[in-house]
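Structures are listed in the sections that come next.
What follows is chain A paired twice: with chain B in the first complex and chain C in the second.
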Partner chain A sequence: MQIDNYLIRKTSLEKLFNNLIGNGKTVFAPKTSGKRVLFEDVKAFSEITEDYIVTTNSAKSVVFPRTEKLFSYKKTKEKTEITDASTDTFPEVVLWGTRPCDAAAFIPLTDTFNGDYPDVLYNNRLGKVYVLSFSCATCDEYCFCTSVNGGPGNTAGSDILFTKLSTGDYLAEAITEKGKQLVADNQSLFEAAPSEEKEPNLAKVTTYFNQDEIQAKLQNLFENPVWDEKSRACLGCGSCAFVCPVCSCFDIQDEAHGSKGSRLRCWDSCGFGLFTLHTSGHNPRETQGARWRQRILHKFLYMPNKSKVAGCVGCGRCSRVCPADINILETVTSL
Partner chain B sequence: MNELIQKAKDLLESNAVQVVIGYGKGSADKTRAIFLTKSENCDQLLFDSRCVQNLAVYLTKHEIKHLGKLAIVAPIPVLRSILQLAAENQLKESDLVILGVSPESKLIEFESFGAIELFLDAHKIQIDEKYKATIDKIKAMPVSERFAYWMKELEPCFKCYACRAACPLCYCPKCTVENNQPQWIPAASHLLGNLEWHVMRAMHLAGRCTDCEACYTACPMGIPIHLLTKSMLQDVEEHFGPYGPSVGKHNTLSSFNPDDKESFIR
Partner chain C sequence: MSNPNIYIPYLMRIEKITQEAPGVKTFRLKFESEHEAEEFEFKAGQFGEYSIVGVGESTFCIASSPTRKGYIECTFRQVGRVTSALASAEEGDVIGFRGPYGNTFPIDEWKGKNLVFIAGGIALPPMRCVIWNALDLRENFKDITIVYGARSVADLVYKHELEEWGNRPDVKLVTTVDPGGETPDWKGEIGFVPSVLEKVAPSAENTIAIVCGPPIMIKFTFPVLEKLGFADHNIFTTLENRMKCGFGKCGRCNVGEKYVCLDGPVFSGEELKLLPAEY
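Coming up: the complex of A and B.
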């Protein structure tokens, strides 16, 4: 689809935000919370910060909540009644201030939830999400989007991508039907495309590796000392998986209250010792090294083999939050 | 620093230990835990104010124990955890070589757990005044306000369990939260599940926590869970007298004494 370019003034950006709120949409945007910047539900434009590389948490919870009810049940003597979770109450959500890596993450995430079975809950939530991303003008040593076919100004996954220009105004690229509709609904705020080039306004993200080469290498690296070496300090928590915009593993939990209850889908992580533990007590991934291998292989080999897109967008969140400072880029580049 | 590096080299060269756990350079401006098995790599060891991870957490991990006999770089918070682990029969003196680091960054060798205890007598756990003020403020809130405070603070918790994983005293092979028959704690990270998880964790650490703040440092969302354990430390002190890890004594809340105050039973 052809991308339509516009100019949007800094002042009009605030008006656009207010219009979205005024239309009853829920807006998630980067907000300073203590020492961190988190994607949070914001009500006023002034709550949004521009001072972040990426937020600590990813935006995936708007389509894949950390706890989601699948159905509720009620048992009587005669029968068990099951009521599927309703999709009618899902709100229209605007993701404001996602980075191109965050937006790109919706591609593998959507693939996962549409494998053998299209996930009704995920798809219904996604259908109501508008992704309004902002290009990156800065990056840090944890960023590696350009190594996994992304980039600081990439449009994939976004509905509209804003790039700040030297004047302080923004280039707005309307990418999808949804994005174009938003522009049409707020036509007075969008002006003729600026003449300034986009590229000089983007961060220079170092390319450390080539995803295709890593994928080829990993075919023969199942047994390798690197997995134990690089994960020796791993504490076995799930912080890497839970801040990852692509990680989608979940665990099914029943919450029962007498004869009624609910079945829930909760985030899970391959870092946990309980992950894939068999009922027999056997665990095919007995050590943190084996779990770390699973994480890397899943992202850089299994996912691209299956759906052509890697399971990593190079945002670097996992490395930034790891309490043991295990760095995914360091592992991949040491293979 | 040089004496620490030299000692680590000697230990590995003489095969007195197979691994030295210490701090080394991390990514960006961080430091990280490093596991040295060769004397020629010991120059990677460093120690400064950034070395806040509690390395004692590795002493009970089976992946690490399998590497052989360990030596561990141990500033005060690590020493406290080692003593508490010993008090709980999780470590024996013969299991490890302790490379103590004094507040002046000098190497102190400890021949026994008793020697650590003597050293720590001069470095008692003291809760910072700023935390005391925060805790007092929270405790002074009416119940509904205090409940709302914790609900707001615990809301971002997505139960990655980094707090548990980073805590040297959370070494249970199966945590209560993972027990599902019966399900004591909801596994989901909704408000009730989060509240019950953090209350349970704090309770299980009462009289054991050595105030290293590893839980708080590890939390990716920056939730002030250390306020719970610090407050618990104050309560233990108030009801049972000054607390400090000790190999000879039983844990405050897992022992009974006829002289214990029972003022909480009403």
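Coming up: the complex of A and C.
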């Protein structure tokens, strides 16, 4: 789809935000919370911070909540009644301030939740999400989006991408039908495209490796000492998976309150020993090294082989949050 | 599944409960909804998620044959939280079922061939489905041999069916128990399944071998089959990785590029050799 370019003044950005709130949309945006910046439900433009490389958590919980009701039930000795949770009305959500890496993550995430078994809960939520991303003007040593076919100004996955120009105003790229509709609904705020180039306003992200080359290499690296070496410090806490915008492994658990309750989907992680443990006590992935290998192979080999898109967008969140300082970039570049 | 929400189970009533062995039960399940009963189809090898709402779901194969219409059966051992809740259910109770999921045994391609079924312990249920499927279409196949073993005589499941198969002139049944697991009146073999299979020595000529059992049994059975001359593409097994969703999303049955729930649970020996040993 053809991308439409506009200019939006710094002052108009706040008007756009207020219009979205005024239209009844829920806006999740980066907000300072102690030492961290998190995507949170914001009501006023002034609550939003611009001072972040990426947020600590990813934006995936908007479409794939940490704990989500699949259905509720009511049970008596004679009868079991089930109430579908996918027919609930989900709110229209604006993700404001996602980075291009966050937006790109919706592509593999959507692949996982579709295929032969479309997940109506995920799709219903996604259908109501507007992804308004902001290009990166800065990056840090954890960022490696350009190594996994991404970039600080990439449009993939966003509905509108804003890039701050030298004047303080923004280039607005309306990418999807949804993005174009938002522009049309707020036409007075968008002006003719600026003449200033986008590229000089983007962060210079180092390219450490090439995804295609890593993919080819990994084909023959199943048995390799690197997996144990690089994961020796791993505590198996699962933080890496929880902050990852692409990780989507989940558990299904029931929550009962007397004769009523619900079946829930909860985030899980391949880094947990229980993840693959059989009832018999046999565990196909017995060591933390085997689990670390699964994490890397799934993201950089299995997913791109299957759907052409890697399961990593190079946001670096997992490395920033790891209490044992295990760095995914360091593992991949050491291969 | 008729509901667009893929996590919603069918409601099924337990019509009959059979105590197969200590801690092992078979449920015969019927759909609560007639419409769902008519719509439902499955093939040999497929599995489902069986649940008690408020407790959780557990993964077992469908142990009855698709040739027997109107119900499905599952056989499970009481081990954890969900299987304990299932085990305490009574005839007439309603449980949840999602499925059928996964691929199937390519039984249509086995026409005109000999079949050798090799099973250990609680792994007879996934095979019982395909055994009855083959016996109900008996004219399609040549010799049918079943080698089945368990730890002890008490642990053998489907005792009535073993007797029935043993009495059929068109089935060769060999049962065995592990050394020490025999009773004074035990007339079957004593020994582990792989060594008993070696003794039975079925011909590999025009023969398909179907193997289900614990990982340790599989590990020692494959070399015996190889010795007997079975080619990898004529050997089939089912993998039993831990699962939650059953349709390739929750991530835990991922082995290499395959999901056991989507690409399996049935794998040929040839396919198995291409997978990393994470099962």
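Simple rule for what comes next: the second predicted complex is superposed on the first by the 332 of 335 C-alpha atoms of A that agree within 3 Å, B and C clash if a C-alpha of one lies under 4 Å from a C-alpha of the other, contacts with A are read in each partner's own complex, and residues count from 1 in each chain.
What we mean here is this: a contact is a pair of C-beta atoms (placed from the backbone, for glycine too) under 8 Å apart; a residue touches a chain by one contact, two chains touch by 3 or more.
Everything numeric in this text was worked out from a predicted model, so none of it was measured.
Using the contact criterion defined above for the overlaid structures, shared-chain residue A:Thr138 touches neither chain B nor chain C, since it reaches no partner.
Contact with both chain B and chain C is seen for A:Gln253 once the two complexes are overlaid on the shared chain.
Shared-chain residue A:Ser334: touches no atom of chain B or chain C. In the superposed model, A:Gln181 lies in contact with neither chain B nor chain C.
In the superposed model, A:Arg263 lies in contact with chain C only, and not with chain B. Looking at the shared chain after the overlay, A:Asn23 reaches neither chain B nor chain C.
Within the superposed three-chain model, A:Tyr302 lies in touch with chain C and out of touch with chain B [touch as defined at top]. When the two complexes are overlaid on their common chain A, residue A:Asn210 makes contact with neither chain B nor chain C. Residues 251, 253, 256 of chain A lie at the contact with chain B in one complex and at the contact with chain C in the other. If you check the complex, the residues on chain A that touch chain B are 33-36, 38, 56-57, 66-67, 140-142, 228, 232-233, 235-239, 241-243, 251, 253, 255-256, 264, 266-267, 269, 272, 274, 287-289, 319, 321, 323-325, 327, 330. Contact residues on chain C toward chain A in their complex (touch as defined above): 3-9, 11, 51, 53-57, 79-80, 83, 94, 96, 214-215, 240-242, 244-245, 247-252, 254-257, 262, 276-279. Contacts from chain A toward chain C in the complex involve residues 70-71, 73, 75, 79-80, 82, 84-87, 112-113, 115-121, 222, 248-254, 256, 261, 263, 265, 268, 270, 275-280, 282, 284-285, 290, 294, 298, 301-302, 305-306. Put simply, chain B touches chain A in their complex at residues 26-28, 30-35, 53, 57-58, 61-64, 156, 158-162, 164-166, 178, 180, 183, 186-190, 193, 214, 217-218, 220-222.
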